[in-house]
Amino acid sequence: MSRSSFAASLDASDYVFSHDVRVRFAETDAMGIVHHGAYLPYLEEARVEYLRAIGHPYQSLHAGGIDIAVLESAVRYLQPLRFDDLMTVHLAPSAGTRTTFEISYLITVDDRVCSTAMTAHACVNSRGRPVRLPAWLATLAAAGP
Amino acid sequence: MSRSSFAASLDASDYVFSHDVRVRFAETDAMGIVHHGAYLPYLEEARVEYLRAIGHPYQSLHAGGIDIAVLESAVRYLQPLRFDDLMTVHLAPSAGTRTTFEISYLITVDDRVCSTAMTAHACVNSRGRPVRLPAWLATLAAAGP
Amino acid sequence: MSRSSFAASLDASDYVFSHDVRVRFAETDAMGIVHHGAYLPYLEEARVEYLRAIGHPYQSLHAGGIDIAVLESAVRYLQPLRFDDLMTVHLAPSAGTRTTFEISYLITVDDRVCSTAMTAHACVNSRGRPVRLPAWLATLAAAGP
Amino acid sequence: MSRSSFAASLDASDYVFSHDVRVRFAETDAMGIVHHGAYLPYLEEARVEYLRAIGHPYQSLHAGGIDIAVLESAVRYLQPLRFDDLMTVHLAPSAGTRTTFEISYLITVDDRVCSTAMTAHACVNSRGRPVRLPAWLATLAAAGP
(Lines give C-alpha, C1' and ligand atoms only; values in the text may rest on other atoms or scores of the structure.)
Protein backbone atom coordinates (compact mmCIF):
# COMPACT_ATOMS: atom_id res chain seq x y z
CA MET A 1 0.00 0.00 0.00
CA SER A 2 1.21 3.48 -0.73
CA ARG A 3 0.57 6.41 1.54
CA SER A 4 -1.94 9.01 0.59
CA SER A 5 -0.01 11.47 -1.55
CA PHE A 6 -2.03 14.66 -1.70
CA ALA A 7 0.00 17.85 -1.75
CA ALA A 8 -1.16 20.69 0.47
CA SER A 9 0.99 23.73 0.99
CA LEU A 10 2.32 24.49 4.48
CA ASP A 11 2.29 28.21 3.63
CA ALA A 12 -0.89 29.97 4.74
CA SER A 13 -0.49 32.56 1.97
CA ASP A 14 -1.25 29.84 -0.59
CA TYR A 15 -4.84 29.63 0.65
CA VAL A 16 -7.69 31.95 -0.32
CA PHE A 17 -9.88 31.80 2.79
CA SER A 18 -9.52 31.16 6.50
CA HIS A 19 -11.94 30.49 9.32
CA ASP A 20 -11.29 30.18 13.06
CA VAL A 21 -12.61 27.26 15.12
CA ARG A 22 -12.24 26.76 18.87
CA VAL A 23 -11.60 23.15 20.01
CA ARG A 24 -14.41 21.76 22.17
CA PHE A 25 -13.67 19.52 25.12
CA ALA A 26 -16.00 16.93 23.56
CA GLU A 27 -13.54 16.67 20.64
CA THR A 28 -10.58 15.56 22.78
CA ASP A 29 -9.80 11.94 23.57
CA ALA A 30 -8.09 9.98 26.33
CA MET A 31 -4.64 10.77 24.83
CA GLY A 32 -5.36 14.36 25.91
CA ILE A 33 -5.48 15.71 22.36
CA VAL A 34 -8.15 16.21 19.70
CA HIS A 35 -9.36 12.88 18.30
CA HIS A 36 -8.34 12.40 14.67
CA GLY A 37 -12.00 11.91 13.69
CA ALA A 38 -12.90 15.40 14.90
CA TYR A 39 -10.96 17.15 12.14
CA LEU A 40 -13.41 16.41 9.32
CA PRO A 41 -16.19 18.50 10.92
CA TYR A 42 -13.67 21.37 11.26
CA LEU A 43 -12.96 21.20 7.52
CA GLU A 44 -16.67 21.04 6.77
CA GLU A 45 -17.39 24.08 8.96
CA ALA A 46 -14.69 26.01 7.08
CA ARG A 47 -16.15 24.97 3.69
CA VAL A 48 -19.59 26.18 4.75
CA GLU A 49 -18.19 29.54 5.88
CA TYR A 50 -16.23 29.85 2.64
CA LEU A 51 -19.36 29.35 0.54
CA ARG A 52 -21.19 31.93 2.66
CA ALA A 53 -18.27 34.39 2.34
CA ILE A 54 -18.27 34.20 -1.46
CA GLY A 55 -22.01 34.73 -1.69
CA HIS A 56 -23.09 31.15 -2.38
CA PRO A 57 -24.31 29.83 0.96
CA TYR A 58 -24.84 26.07 1.08
CA GLN A 59 -28.53 26.49 1.74
CA SER A 60 -29.02 28.40 -1.51
CA LEU A 61 -27.25 25.63 -3.43
CA HIS A 62 -29.47 23.08 -1.72
CA ALA A 63 -32.58 25.17 -2.45
CA GLY A 64 -31.47 25.15 -6.09
CA GLY A 65 -31.45 21.36 -6.11
CA ILE A 66 -27.71 20.85 -5.75
CA ASP A 67 -25.94 19.12 -2.87
CA ILE A 68 -22.22 18.74 -2.42
CA ALA A 69 -21.28 15.15 -1.72
CA VAL A 70 -17.95 14.11 -0.22
CA LEU A 71 -16.06 11.64 -2.43
CA GLU A 72 -12.83 11.46 -0.49
CA SER A 73 -11.06 12.89 2.53
CA ALA A 74 -7.44 12.76 3.63
CA VAL A 75 -5.87 14.33 6.71
CA ARG A 76 -2.28 14.54 7.95
CA TYR A 77 -1.91 15.01 11.70
CA LEU A 78 1.37 16.87 12.11
CA GLN A 79 1.09 18.48 15.54
CA PRO A 80 -1.72 17.76 18.00
CA LEU A 81 -4.61 20.11 18.59
CA ARG A 82 -5.62 20.49 22.23
CA PHE A 83 -8.70 21.54 24.18
CA ASP A 84 -9.50 25.22 23.83
CA ASP A 85 -6.98 25.79 21.00
CA LEU A 86 -8.21 28.46 18.62
CA MET A 87 -7.25 27.01 15.26
CA THR A 88 -7.34 28.69 11.86
CA VAL A 89 -8.54 26.52 9.00
CA HIS A 90 -7.15 27.83 5.70
CA LEU A 91 -8.58 26.48 2.47
CA ALA A 92 -8.29 26.68 -1.31
CA PRO A 93 -10.45 25.05 -3.98
CA SER A 94 -8.90 23.39 -6.99
CA ALA A 95 -10.12 21.82 -10.20
CA GLY A 96 -11.45 18.32 -10.56
CA THR A 97 -13.63 17.18 -13.45
CA ARG A 98 -16.85 18.61 -14.92
CA THR A 99 -18.77 17.27 -11.92
CA THR A 100 -16.13 17.33 -9.18
CA PHE A 101 -13.78 19.70 -7.37
CA GLU A 102 -11.27 19.49 -4.56
CA ILE A 103 -10.33 21.58 -1.58
CA SER A 104 -7.01 21.65 0.22
CA TYR A 105 -6.63 22.75 3.82
CA LEU A 106 -4.01 23.90 6.29
CA ILE A 107 -4.77 24.05 10.02
CA THR A 108 -2.63 26.33 12.14
CA VAL A 109 -2.64 27.41 15.78
CA ASP A 110 -0.72 30.64 16.39
CA ASP A 111 1.07 30.19 13.06
CA ARG A 112 2.19 26.69 14.05
CA VAL A 113 1.27 24.15 11.35
CA CYS A 114 -0.86 21.39 12.90
CA SER A 115 -2.49 19.60 9.97
CA THR A 116 -2.98 19.50 6.23
CA ALA A 117 -5.92 17.92 4.51
CA MET A 118 -7.83 17.53 1.26
CA THR A 119 -11.41 16.71 0.40
CA ALA A 120 -12.84 15.81 -3.00
CA HIS A 121 -16.45 16.60 -3.81
CA ALA A 122 -19.11 16.03 -6.43
CA CYS A 123 -22.14 18.17 -7.13
CA VAL A 124 -25.19 15.92 -7.07
CA ASN A 125 -28.90 16.44 -7.62
CA SER A 126 -31.63 15.50 -5.17
CA ARG A 127 -31.46 11.87 -6.35
CA GLY A 128 -27.72 11.77 -5.67
CA ARG A 129 -26.75 11.80 -9.37
CA PRO A 130 -23.67 13.82 -10.41
CA VAL A 131 -24.43 17.13 -12.09
CA ARG A 132 -22.17 19.66 -13.80
CA LEU A 133 -20.64 22.19 -11.39
CA PRO A 134 -22.39 25.57 -11.30
CA ALA A 135 -20.41 28.01 -13.45
CA TRP A 136 -19.21 30.11 -10.51
CA LEU A 137 -17.85 26.99 -8.79
CA ALA A 138 -16.13 25.68 -11.93
CA THR A 139 -14.49 29.08 -12.36
CA LEU A 140 -13.35 29.22 -8.75
CA ALA A 141 -11.92 25.72 -8.83
CA ALA A 142 -10.16 26.31 -12.15
CA ALA A 143 -8.44 29.37 -10.67
CA GLY A 144 -7.21 27.35 -7.66
CA PRO A 145 -3.60 26.65 -6.78
CA MET B 1 -3.25 19.57 -5.79
CA SER B 2 -3.27 15.87 -6.56
CA ARG B 3 -5.86 13.48 -5.18
CA SER B 4 -4.94 11.19 -2.38
CA SER B 5 -3.50 8.12 -4.09
CA PHE B 6 -3.54 5.30 -1.58
CA ALA B 7 -4.23 1.89 -3.03
CA ALA B 8 -6.66 -0.34 -1.15
CA SER B 9 -7.93 -3.54 -2.68
CA LEU B 10 -11.66 -3.87 -3.43
CA ASP B 11 -11.37 -7.63 -2.88
CA ALA B 12 -12.26 -8.69 0.67
CA SER B 13 -10.00 -11.73 0.39
CA ASP B 14 -6.97 -9.41 0.36
CA TYR B 15 -7.64 -8.48 3.98
CA VAL B 16 -6.62 -10.47 7.06
CA PHE B 17 -9.34 -9.48 9.53
CA SER B 18 -12.91 -8.29 9.51
CA HIS B 19 -15.23 -6.80 12.10
CA ASP B 20 -18.93 -5.95 11.86
CA VAL B 21 -20.31 -2.57 12.90
CA ARG B 22 -23.97 -1.50 12.89
CA VAL B 23 -24.63 2.11 11.80
CA ARG B 24 -26.13 4.26 14.57
CA PHE B 25 -28.81 6.82 13.82
CA ALA B 26 -26.54 9.43 15.46
CA GLU B 27 -24.02 8.83 12.67
CA THR B 28 -26.36 9.83 9.85
CA ASP B 29 -26.72 13.38 8.58
CA ALA B 30 -29.37 15.50 6.88
CA MET B 31 -28.52 13.98 3.48
CA GLY B 32 -30.00 10.77 4.91
CA ILE B 33 -26.71 8.86 4.83
CA VAL B 34 -23.80 8.32 7.22
CA HIS B 35 -21.77 11.49 7.67
CA HIS B 36 -18.29 11.21 6.16
CA GLY B 37 -16.73 12.05 9.54
CA ALA B 38 -18.30 8.99 11.16
CA TYR B 39 -16.13 6.53 9.21
CA LEU B 40 -12.92 7.13 11.16
CA PRO B 41 -14.39 5.79 14.41
CA TYR B 42 -15.52 2.67 12.48
CA LEU B 43 -11.94 2.11 11.30
CA GLU B 44 -10.65 2.67 14.82
CA GLU B 45 -13.13 0.20 16.30
CA ALA B 46 -11.97 -2.40 13.76
CA ARG B 47 -8.29 -1.75 14.62
CA VAL B 48 -9.01 -2.24 18.31
CA GLU B 49 -10.81 -5.53 17.65
CA TYR B 50 -7.98 -6.67 15.39
CA LEU B 51 -5.39 -6.08 18.13
CA ARG B 52 -7.60 -7.96 20.60
CA ALA B 53 -8.06 -10.84 18.14
CA ILE B 54 -4.31 -11.31 17.65
CA GLY B 55 -3.64 -11.29 21.40
CA HIS B 56 -2.27 -7.78 21.75
CA PRO B 57 -5.17 -5.73 23.11
CA TYR B 58 -4.65 -1.98 22.99
CA GLN B 59 -4.83 -1.73 26.75
CA SER B 60 -1.85 -4.07 27.17
CA LEU B 61 0.17 -1.96 24.73
CA HIS B 62 -0.79 1.15 26.67
CA ALA B 63 0.05 -0.55 29.99
CA GLY B 64 3.46 -1.31 28.47
CA GLY B 65 4.04 2.38 27.81
CA ILE B 66 3.22 2.38 24.11
CA ASP B 67 0.43 4.29 22.43
CA ILE B 68 -0.51 4.18 18.77
CA ALA B 69 -0.78 7.68 17.32
CA VAL B 70 -2.57 8.43 14.07
CA LEU B 71 -0.33 10.18 11.53
CA GLU B 72 -2.66 10.20 8.58
CA SER B 73 -6.08 9.06 7.46
CA ALA B 74 -7.68 8.84 4.04
CA VAL B 75 -11.14 7.60 3.13
CA ARG B 76 -12.90 7.08 -0.20
CA TYR B 77 -16.70 7.21 -0.04
CA LEU B 78 -17.85 4.96 -2.90
CA GLN B 79 -21.42 4.03 -1.95
CA PRO B 80 -23.30 5.57 0.97
CA LEU B 81 -23.81 3.81 4.28
CA ARG B 82 -27.28 4.21 5.76
CA PHE B 83 -28.90 3.98 9.17
CA ASP B 84 -28.99 0.44 10.53
CA ASP B 85 -26.67 -0.96 7.85
CA LEU B 86 -24.57 -3.79 9.21
CA MET B 87 -21.20 -3.09 7.63
CA THR B 88 -18.11 -5.29 7.60
CA VAL B 89 -14.82 -3.48 8.07
CA HIS B 90 -11.98 -5.52 6.53
CA LEU B 91 -8.40 -4.54 7.33
CA ALA B 92 -4.80 -5.44 6.62
CA PRO B 93 -1.62 -3.97 8.14
CA SER B 94 1.35 -3.09 6.00
CA ALA B 95 4.89 -1.94 6.52
CA GLY B 96 5.95 1.61 7.19
CA THR B 97 9.28 2.55 8.80
CA ARG B 98 10.97 1.37 12.00
CA THR B 99 8.51 3.48 14.01
CA THR B 100 5.43 3.50 11.76
CA PHE B 101 2.97 1.17 10.09
CA GLU B 102 -0.10 1.46 7.93
CA ILE B 103 -3.47 -0.20 7.73
CA SER B 104 -5.71 -0.46 4.70
CA TYR B 105 -9.46 -0.98 4.93
CA LEU B 106 -12.42 -2.06 2.87
CA ILE B 107 -15.98 -1.46 4.08
CA THR B 108 -18.70 -3.65 2.62
CA VAL B 109 -22.43 -4.08 3.24
CA ASP B 110 -23.79 -7.42 2.00
CA ASP B 111 -20.71 -7.80 -0.23
CA ARG B 112 -21.35 -4.38 -1.79
CA VAL B 113 -18.19 -2.23 -1.64
CA CYS B 114 -18.97 1.03 0.15
CA SER B 115 -15.62 2.52 1.09
CA THR B 116 -11.87 2.06 1.11
CA ALA B 117 -9.52 3.75 3.52
CA MET B 118 -6.01 3.85 4.94
CA THR B 119 -4.53 5.04 8.19
CA ALA B 120 -0.86 5.55 9.03
CA HIS B 121 0.34 5.19 12.60
CA ALA B 122 3.37 5.67 14.79
CA CYS B 123 4.18 3.92 18.03
CA VAL B 124 4.88 6.57 20.65
CA ASN B 125 5.89 6.52 24.30
CA SER B 126 4.03 8.26 27.09
CA ARG B 127 5.70 11.56 26.16
CA GLY B 128 4.51 11.22 22.58
CA ARG B 129 7.98 10.40 21.19
CA PRO B 130 8.27 7.82 18.40
CA VAL B 131 9.52 4.43 19.49
CA ARG B 132 10.48 1.34 17.53
CA LEU B 133 7.52 -0.93 16.77
CA PRO B 134 7.18 -3.96 19.04
CA ALA B 135 8.65 -7.00 17.25
CA TRP B 136 5.25 -8.71 16.76
CA LEU B 137 3.85 -5.58 15.13
CA ALA B 138 6.86 -5.10 12.86
CA THR B 139 6.54 -8.73 11.77
CA LEU B 140 2.83 -8.40 11.09
CA ALA B 141 3.22 -5.22 9.12
CA ALA B 142 6.12 -6.63 7.09
CA ALA B 143 3.95 -9.60 6.09
CA GLY B 144 1.14 -7.31 4.94
CA PRO B 145 -0.10 -6.95 1.37
CA MET C 1 -33.62 25.37 39.76
CA SER C 2 -34.38 21.87 40.86
CA ARG C 3 -32.41 18.86 39.76
CA SER C 4 -33.85 16.52 37.22
CA SER C 5 -35.92 14.06 39.21
CA PHE C 6 -36.51 11.05 37.02
CA ALA C 7 -36.57 7.74 38.81
CA ALA C 8 -34.70 4.85 37.21
CA SER C 9 -34.14 1.63 39.10
CA LEU C 10 -30.59 0.55 39.94
CA ASP C 11 -31.69 -3.09 39.77
CA ALA C 12 -31.11 -4.67 36.37
CA SER C 13 -33.98 -7.10 36.95
CA ASP C 14 -36.42 -4.17 36.69
CA TYR C 15 -35.60 -3.79 32.99
CA VAL C 16 -37.08 -5.83 30.13
CA PHE C 17 -34.24 -5.73 27.60
CA SER C 18 -30.49 -5.36 27.54
CA HIS C 19 -27.92 -4.69 24.84
CA ASP C 20 -24.12 -4.66 25.03
CA VAL C 21 -22.04 -1.79 23.67
CA ARG C 22 -18.24 -1.55 23.59
CA VAL C 23 -16.78 1.91 24.32
CA ARG C 24 -14.89 3.37 21.35
CA PHE C 25 -11.69 5.36 21.87
CA ALA C 26 -13.35 8.19 19.92
CA GLU C 27 -15.91 8.47 22.74
CA THR C 28 -13.36 9.22 25.46
CA ASP C 29 -12.22 12.72 26.37
CA ALA C 30 -9.15 14.37 27.85
CA MET C 31 -10.28 13.45 31.39
CA GLY C 32 -9.55 9.85 30.32
CA ILE C 33 -13.18 8.73 30.55
CA VAL C 34 -16.16 8.60 28.21
CA HIS C 35 -17.45 12.08 27.40
CA HIS C 36 -20.89 12.72 28.88
CA GLY C 37 -22.25 13.53 25.42
CA ALA C 38 -21.42 10.04 24.15
CA TYR C 39 -24.06 8.34 26.31
CA LEU C 40 -27.09 9.42 24.28
CA PRO C 41 -25.98 7.45 21.21
CA TYR C 42 -25.56 4.39 23.47
CA LEU C 43 -29.16 4.74 24.65
CA GLU C 44 -30.33 5.21 21.07
CA GLU C 45 -28.47 2.11 19.90
CA ALA C 46 -30.15 0.11 22.67
CA ARG C 47 -33.61 1.47 21.71
CA VAL C 48 -33.06 0.45 18.10
CA GLU C 49 -32.02 -3.07 19.12
CA TYR C 50 -35.01 -3.31 21.45
CA LEU C 51 -37.43 -2.45 18.64
CA ARG C 52 -35.74 -5.02 16.40
CA ALA C 53 -35.89 -7.66 19.16
CA ILE C 54 -39.64 -7.23 19.65
CA GLY C 55 -40.33 -7.46 15.94
CA HIS C 56 -40.91 -3.78 15.20
CA PRO C 57 -37.64 -2.58 13.66
CA TYR C 58 -37.31 1.19 13.38
CA GLN C 59 -37.13 0.99 9.60
CA SER C 60 -40.55 -0.67 9.39
CA LEU C 61 -42.03 2.06 11.58
CA HIS C 62 -40.42 4.67 9.34
CA ALA C 63 -41.66 2.87 6.21
CA GLY C 64 -45.14 3.03 7.75
CA GLY C 65 -44.88 6.81 8.02
CA ILE C 66 -44.04 7.02 11.71
CA ASP C 67 -40.88 8.43 13.23
CA ILE C 68 -39.94 8.51 16.88
CA ALA C 69 -38.88 11.97 17.95
CA VAL C 70 -36.92 12.66 21.12
CA LEU C 71 -38.70 15.11 23.43
CA GLU C 72 -36.39 14.94 26.39
CA SER C 73 -33.28 13.19 27.67
CA ALA C 74 -31.74 12.98 31.12
CA VAL C 75 -28.62 11.12 32.19
CA ARG C 76 -26.98 10.58 35.58
CA TYR C 77 -23.26 9.85 35.46
CA LEU C 78 -22.61 7.72 38.54
CA GLN C 79 -19.34 5.93 37.74
CA PRO C 80 -17.20 6.69 34.70
CA LEU C 81 -17.12 4.53 31.60
CA ARG C 82 -13.67 3.99 30.13
CA PHE C 83 -12.18 3.06 26.77
CA ASP C 84 -12.89 -0.54 25.79
CA ASP C 85 -15.43 -1.11 28.59
CA LEU C 86 -18.12 -3.53 27.50
CA MET C 87 -21.24 -1.94 28.97
CA THR C 88 -24.72 -3.39 29.19
CA VAL C 89 -27.55 -0.96 28.50
CA HIS C 90 -30.74 -2.15 30.21
CA LEU C 91 -34.02 -0.50 29.27
CA ALA C 92 -37.73 -0.50 30.01
CA PRO C 93 -40.52 1.47 28.31
CA SER C 94 -43.21 3.18 30.32
CA ALA C 95 -46.41 5.04 29.62
CA GLY C 96 -46.67 8.65 28.57
CA THR C 97 -49.72 10.11 26.87
CA ARG C 98 -51.67 9.01 23.76
CA THR C 99 -48.83 10.31 21.58
CA THR C 100 -45.80 9.88 23.84
CA PHE C 101 -43.90 7.24 25.77
CA GLU C 102 -40.81 7.09 27.92
CA ILE C 103 -37.88 4.76 28.34
CA SER C 104 -35.71 4.33 31.41
CA TYR C 105 -32.16 2.97 31.28
CA LEU C 106 -29.51 1.49 33.49
CA ILE C 107 -25.92 1.17 32.27
CA THR C 108 -23.73 -1.40 33.98
CA VAL C 109 -20.20 -2.71 33.45
CA ASP C 110 -19.60 -6.11 35.06
CA ASP C 111 -22.66 -5.57 37.29
CA ARG C 112 -21.28 -2.23 38.48
CA VAL C 113 -23.88 0.54 38.07
CA CYS C 114 -22.41 3.34 35.94
CA SER C 115 -25.36 5.43 34.81
CA THR C 116 -29.11 5.80 34.79
CA ALA C 117 -31.07 7.70 32.20
CA MET C 118 -34.49 8.42 30.73
CA THR C 119 -35.69 9.55 27.34
CA ALA C 120 -39.17 10.78 26.42
CA HIS C 121 -40.46 10.31 22.89
CA ALA C 122 -43.34 11.21 20.63
CA CYS C 123 -44.56 9.36 17.58
CA VAL C 124 -44.70 11.81 14.70
CA ASN C 125 -45.73 11.61 11.05
CA SER C 126 -43.55 12.59 8.12
CA ARG C 127 -44.42 16.26 8.67
CA GLY C 128 -43.29 16.03 12.30
CA ARG C 129 -46.86 16.17 13.71
CA PRO C 130 -47.68 14.01 16.77
CA VAL C 131 -49.67 10.88 16.00
CA ARG C 132 -51.27 8.31 18.27
CA LEU C 133 -48.88 5.52 19.32
CA PRO C 134 -49.22 2.27 17.36
CA ALA C 135 -51.30 -0.16 19.45
CA TRP C 136 -48.39 -2.51 20.14
CA LEU C 137 -46.32 0.38 21.48
CA ALA C 138 -49.13 1.76 23.64
CA THR C 139 -49.60 -1.71 25.11
CA LEU C 140 -45.89 -2.17 25.79
CA ALA C 141 -45.55 1.23 27.42
CA ALA C 142 -48.66 0.71 29.55
CA ALA C 143 -47.20 -2.53 30.88
CA GLY C 144 -43.93 -0.83 31.81
CA PRO C 145 -42.58 -0.41 35.32
CA MET D 1 -41.12 6.53 36.05
CA SER D 2 -41.57 10.27 36.32
CA ARG D 3 -40.32 12.73 33.75
CA SER D 4 -37.28 14.78 34.45
CA SER D 5 -38.58 17.82 36.32
CA PHE D 6 -35.91 20.47 36.14
CA ALA D 7 -37.17 24.02 35.83
CA ALA D 8 -35.45 26.30 33.34
CA SER D 9 -36.88 29.67 32.48
CA LEU D 10 -38.06 30.32 28.92
CA ASP D 11 -37.20 34.01 29.38
CA ALA D 12 -33.71 34.90 28.12
CA SER D 13 -33.49 37.78 30.58
CA ASP D 14 -33.34 35.27 33.44
CA TYR D 15 -29.89 34.14 32.25
CA VAL D 16 -26.57 35.85 33.02
CA PHE D 17 -24.54 34.90 29.97
CA SER D 18 -25.06 33.98 26.35
CA HIS D 19 -22.89 32.49 23.63
CA ASP D 20 -23.62 31.93 19.94
CA VAL D 21 -23.00 28.59 18.23
CA ARG D 22 -23.53 27.80 14.54
CA VAL D 23 -24.95 24.32 13.79
CA ARG D 24 -22.55 22.11 11.82
CA PHE D 25 -23.79 19.79 9.10
CA ALA D 26 -22.08 16.93 10.97
CA GLU D 27 -24.50 17.54 13.85
CA THR D 28 -27.64 16.88 11.82
CA ASP D 29 -29.21 13.46 11.39
CA ALA D 30 -31.35 11.65 8.85
CA MET D 31 -34.51 13.32 10.22
CA GLY D 32 -33.05 16.53 8.78
CA ILE D 33 -32.59 18.20 12.17
CA VAL D 34 -29.84 18.38 14.78
CA HIS D 35 -29.38 15.03 16.52
CA HIS D 36 -30.43 15.16 20.18
CA GLY D 37 -26.97 13.99 21.25
CA ALA D 38 -25.32 17.06 19.68
CA TYR D 39 -26.81 19.47 22.23
CA LEU D 40 -24.54 18.51 25.14
CA PRO D 41 -21.39 19.77 23.36
CA TYR D 42 -23.22 23.06 22.69
CA LEU D 43 -23.92 23.45 26.42
CA GLU D 44 -20.31 22.56 27.23
CA GLU D 45 -18.97 25.11 24.74
CA ALA D 46 -21.15 27.77 26.37
CA ARG D 47 -19.92 26.80 29.87
CA VAL D 48 -16.31 27.10 28.74
CA GLU D 49 -16.95 30.55 27.24
CA TYR D 50 -18.75 31.64 30.40
CA LEU D 51 -15.80 30.67 32.58
CA ARG D 52 -13.47 32.56 30.22
CA ALA D 53 -15.74 35.62 30.25
CA ILE D 54 -15.77 35.84 34.05
CA GLY D 55 -11.98 35.54 34.26
CA HIS D 56 -11.72 31.91 35.35
CA PRO D 57 -10.85 29.99 32.17
CA TYR D 58 -11.18 26.23 32.45
CA GLN D 59 -7.48 25.75 31.81
CA SER D 60 -6.54 27.84 34.85
CA LEU D 61 -8.89 25.76 37.01
CA HIS D 62 -7.29 22.60 35.62
CA ALA D 63 -3.80 24.01 36.16
CA GLY D 64 -4.83 24.65 39.77
CA GLY D 65 -5.69 20.97 40.19
CA ILE D 66 -9.45 21.26 39.83
CA ASP D 67 -11.59 19.67 37.15
CA ILE D 68 -15.31 20.06 36.68
CA ALA D 69 -17.03 16.71 36.36
CA VAL D 70 -20.52 16.29 34.94
CA LEU D 71 -22.89 14.55 37.36
CA GLU D 72 -26.08 14.88 35.41
CA SER D 73 -27.53 16.34 32.24
CA ALA D 74 -31.10 16.89 31.11
CA VAL D 75 -32.32 18.43 27.87
CA ARG D 76 -35.80 19.28 26.57
CA TYR D 77 -36.10 19.43 22.79
CA LEU D 78 -38.89 21.93 22.15
CA GLN D 79 -38.31 23.04 18.57
CA PRO D 80 -35.76 21.48 16.23
CA LEU D 81 -32.42 23.05 15.43
CA ARG D 82 -31.40 22.81 11.78
CA PHE D 83 -28.19 22.94 9.77
CA ASP D 84 -26.60 26.38 9.74
CA ASP D 85 -28.89 27.78 12.45
CA LEU D 86 -27.08 30.35 14.56
CA MET D 87 -28.30 29.52 18.04
CA THR D 88 -27.80 31.48 21.24
CA VAL D 89 -27.07 29.42 24.33
CA HIS D 90 -28.11 31.34 27.45
CA LEU D 91 -26.97 30.06 30.84
CA ALA D 92 -27.16 30.74 34.55
CA PRO D 93 -25.38 28.95 37.41
CA SER D 94 -27.21 28.00 40.57
CA ALA D 95 -26.34 26.55 43.93
CA GLY D 96 -25.82 22.89 44.67
CA THR D 97 -23.91 21.62 47.70
CA ARG D 98 -20.45 22.46 49.07
CA THR D 99 -18.90 20.42 46.24
CA THR D 100 -21.48 20.77 43.47
CA PHE D 101 -23.27 23.38 41.39
CA GLU D 102 -25.79 23.45 38.59
CA ILE D 103 -26.28 25.36 35.39
CA SER D 104 -29.52 25.96 33.56
CA TYR D 105 -29.71 26.74 29.86
CA LEU D 106 -32.02 28.17 27.26
CA ILE D 107 -31.31 27.74 23.54
CA THR D 108 -32.91 30.21 21.17
CA VAL D 109 -32.71 30.87 17.42
CA ASP D 110 -33.88 34.38 16.47
CA ASP D 111 -35.68 34.67 19.81
CA ARG D 112 -37.55 31.42 19.17
CA VAL D 113 -37.18 29.04 22.13
CA CYS D 114 -35.73 25.73 20.91
CA SER D 115 -34.51 23.95 24.01
CA THR D 116 -34.01 24.14 27.75
CA ALA D 117 -31.46 22.13 29.68
CA MET D 118 -29.65 21.67 32.96
CA THR D 119 -26.32 20.19 33.95
CA ALA D 120 -25.10 19.36 37.44
CA HIS D 121 -21.39 19.40 38.21
CA ALA D 122 -18.90 18.56 40.92
CA CYS D 123 -15.47 20.04 41.43
CA VAL D 124 -12.99 17.18 41.64
CA ASN D 125 -9.24 16.91 42.18
CA SER D 126 -6.84 15.14 39.86
CA ARG D 127 -7.79 11.79 41.42
CA GLY D 128 -11.48 12.46 40.71
CA ARG D 129 -12.37 13.09 44.37
CA PRO D 130 -14.91 15.83 45.18
CA VAL D 131 -13.42 19.06 46.51
CA ARG D 132 -15.04 22.18 47.89
CA LEU D 133 -15.99 24.71 45.21
CA PRO D 134 -13.54 27.60 44.78
CA ALA D 135 -14.91 30.63 46.65
CA TRP D 136 -15.66 32.60 43.46
CA LEU D 137 -17.68 29.71 42.08
CA ALA D 138 -19.61 29.14 45.30
CA THR D 139 -20.46 32.85 45.37
CA LEU D 140 -21.59 32.85 41.75
CA ALA D 141 -23.74 29.78 42.17
CA ALA D 142 -25.30 31.09 45.39
CA ALA D 143 -26.32 34.27 43.57
CA GLY D 144 -27.99 32.27 40.79
CA PRO D 145 -31.67 32.30 39.91
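Chains here go by letter, A, B, C and D, matching the order in which they are written, and residues are numbered from 1 within each.
Everything that follows uses one rule, which is that a contact is a pair of C-beta atoms (placed from the backbone, for glycine too) under 8 Å apart; a residue touches a chain by one contact, two chains touch by 3 or more.
Note that the structure is a prediction, hence the values are computed from the model and not measured.
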A-C or A-D - the one linked by more C-beta pairs in contact: A-D
Equivalent interface to B-C, taken from A-B, B-D or A-D so that over half of the residue contact pairs match: A-D
Centre-to-centre distance between chain D and chain C (centres being mean Cα positions), rounded to whole Å: 22
Chain centre separation (chain A, chain D; CA means) in Å: 29
Separation of mean Cα positions, chain C and chain A [Å, integer]: 35
In chain D, residues with contacts to at least two other chains: 25-26, 37, 40-41, 44, 83
List of chain D residues in touch with chain C within their complex: 1-8, 31, 36-38, 40-41, 44, 67, 69-77, 80, 94, 102, 104, 118, 120, 128, 144-145
Chain B residues within the chain C interface of the complex: 22, 24-27, 40-41, 44-45, 48, 57-59, 83-84
List of chain B residues in touch with chain D within their complex: 25-26, 28-30, 32-33, 35, 37, 82-83
